[in-house]
Amino acid sequence: MLLYIYLIAISAEAMSGALAAGRRNMDIFGVCVIAFITALGGGTIRDILLGNFPVTWTQHPEYIYLTVSAGLLTVILSRFMHHLHRVFLLLDAMGLVAFTIIGCSVALRLDYPTVVVLMAGMITGICGGVLRDILCQRLPVVFRHELYASVSLLVGVLYLQLERLGVHADINLAVSFGAGILLRVCAIYWRLSLPTFSYSPQQWK
Amino acid sequence: MLLYIYLIAISAEAMSGALAAGRRNMDIFGVCVIAFITALGGGTIRDILLGNFPVTWTQHPEYIYLTVSAGLLTVILSRFMHHLHRVFLLLDAMGLVAFTIIGCSVALRLDYPTVVVLMAGMITGICGGVLRDILCQRLPVVFRHELYASVSLLVGVLYLQLERLGVHADINLAVSFGAGILLRVCAIYWRLSLPTFSYSPQQWK
Amino acid sequence: MLLYIYLIAISAEAMSGALAAGRRNMDIFGVCVIAFITALGGGTIRDILLGNFPVTWTQHPEYIYLTVSAGLLTVILSRFMHHLHRVFLLLDAMGLVAFTIIGCSVALRLDYPTVVVLMAGMITGICGGVLRDILCQRLPVVFRHELYASVSLLVGVLYLQLERLGVHADINLAVSFGAGILLRVCAIYWRLSLPTFSYSPQQWK
């Protein structure tokens, strides 16, 4: 079940990467690279930080093909993309939540402390997008947007808490996943966001 | 002793990260992320490059809490920050020197060649700031400023040399640390800097 | 033989890094850092992704000295650099092809799946340049230029295919290397490039 959601999630992320590359007029190869990195970059950073070798996608070539195909498909279908705006936001929310849960469970399995488990979830959830934005020369959106990383954090907390209470893994998955999607959709709908910190000194380093 | 300096150092670095995030109007979450990465990013890159797993902070959740708290505190105290300009520069110098010595000693312990030990010191000292600048879309300051990375290099050389001469570890620490702070303060005071390389071809690649 | 080409290649890449740093008015230290990262960054990312520790250059301090020297030499000779434009393009092509073959053979030795082997070749070939462009705040050129990454991919495919057909290693090397250089030179000469994907929605995230 989580696997299917994961496959949908990496495809959706790959597509968002391809669109970002298109906004920078990259060539087809650049589109594939950005699609791949957006989809699998978060998990890669998590694996490297946790010393979890071999990195996941190196053992699953099918993920590579899937993300590159999703990127190319985006190029072909790009003229219809803005009609799919809402579908996309939903797929992206699914991706965020699925990535978070997967990231947490990888770190849990490796016996890391709780706060590191939560960070592994967030890293898996948001780092792909951060890499995409750096490579496309944009200020990372996750640091400025409506609740996004916070959703990832809350999903992680919920998932760990239910795990600790001994809730059956499938039920935990369903509840955490559902709650995460709901939270993200609410955040988008009501434009919920964290307070912003603006600092503009006259002249400081 | 070095531990206390280290804790002060990561707090100071976290604060500099939070201020950089504020200059980009990031939200509270972004501020925490940038604070964390600025403080612990250099050591993380060092650990990964040296294959020194698990990465330090994953075994010390207290460092995570400390850097995030320092970031949040900065937001609260931001209006007083420019009064603390000089305090900050001093804390930052302490951070640079402490990070460098710690980085060198980690690589020494793992039996890397001398030049790699020196690089481990510099990487620990300056990479947090480089990551901060990339994430905040600034040209990394360490590549353009007064002596900064060079201070890190000189501290590493001094530390290694004293180590080799069989100087007692505590004395070595005190001497290297003091010399580093002094050098950095002089560099700031007299605006010492390395020559700059400017290259502006008519049309090259 | 491949070693000599490799040494020429990292020197050429270091020089291209130094020139990029010069275009951003970095100081001498920044020039050395960018030179080093441009030359050895691709191999470093490959080693980390493949879990191939210790990272190559940490065991070969001479590569560090070579790249830093090449960077400094570039500063001294910068006024003559634009006369050497064509020599540079050729050296850069040699670098790309040599890096690709080396990257593929490292991943082959570690028994990774075919597509990962090809990616290891490309990562080694192009990531140094990507890191250079990120650190110098440029949109990575490899994602927009004439056939560059694609040359890397084709060289990898050819190399693996000949390897599989049981061609002698030296002959394989010579053929793959020659074909790669030829392809890259043709791409530059006739300005061959992949189609570009441009996406500019009215207002989409």
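In order of appearance the chains are A, B and C, and numbering begins at 1 in each one.
One rule holds in what follows: contacts are C-beta pairs under 8 Å (C-beta built on N, C-alpha and C of every residue); 3 or more make two chains touch, one makes a residue touch a chain.
Just so you know, these numbers come straight off a predicted model, no measurement behind them.
Visitor: For the protein chains shown, what form does their contact graph take: line, ring, star, complete or other?
Guide: Here the contact pattern is complete, since every chain touches every other one.
Visitor: On C-alpha atoms only, rotate chain B onto chain C and read off the angle in steps of 5 degrees.
Guide: 120
Visitor: For copies chain A and chain C, work out whether under half or over half of the interface numbers are shared, and give different or same accordingly.
Guide: Result for this pair: different.
Visitor: State, to the nearest whole Å, the distance from the C-alpha centre of chain A to the C-alpha centre of chain C.
Guide: 29
Visitor: Where in chain A do residues touch at least two different other chains?
Guide: Chain A, residues with two or more chain partners: 48, 134, 137.
Visitor: Which chain B residues qualify as touching chain C in the complex?
Guide: 48-51, 112-116, 119, 130, 134, 137, 139-140, 142-145, 149-150, 193-202, 204-205
Visitor: In the complex, go through chain A and note every residue touching chain C.
Guide: 18-19, 21-31, 33-34, 44, 48, 53-55, 58-59, 61, 64-65, 75, 78, 81-82, 85, 89, 134-137, 141
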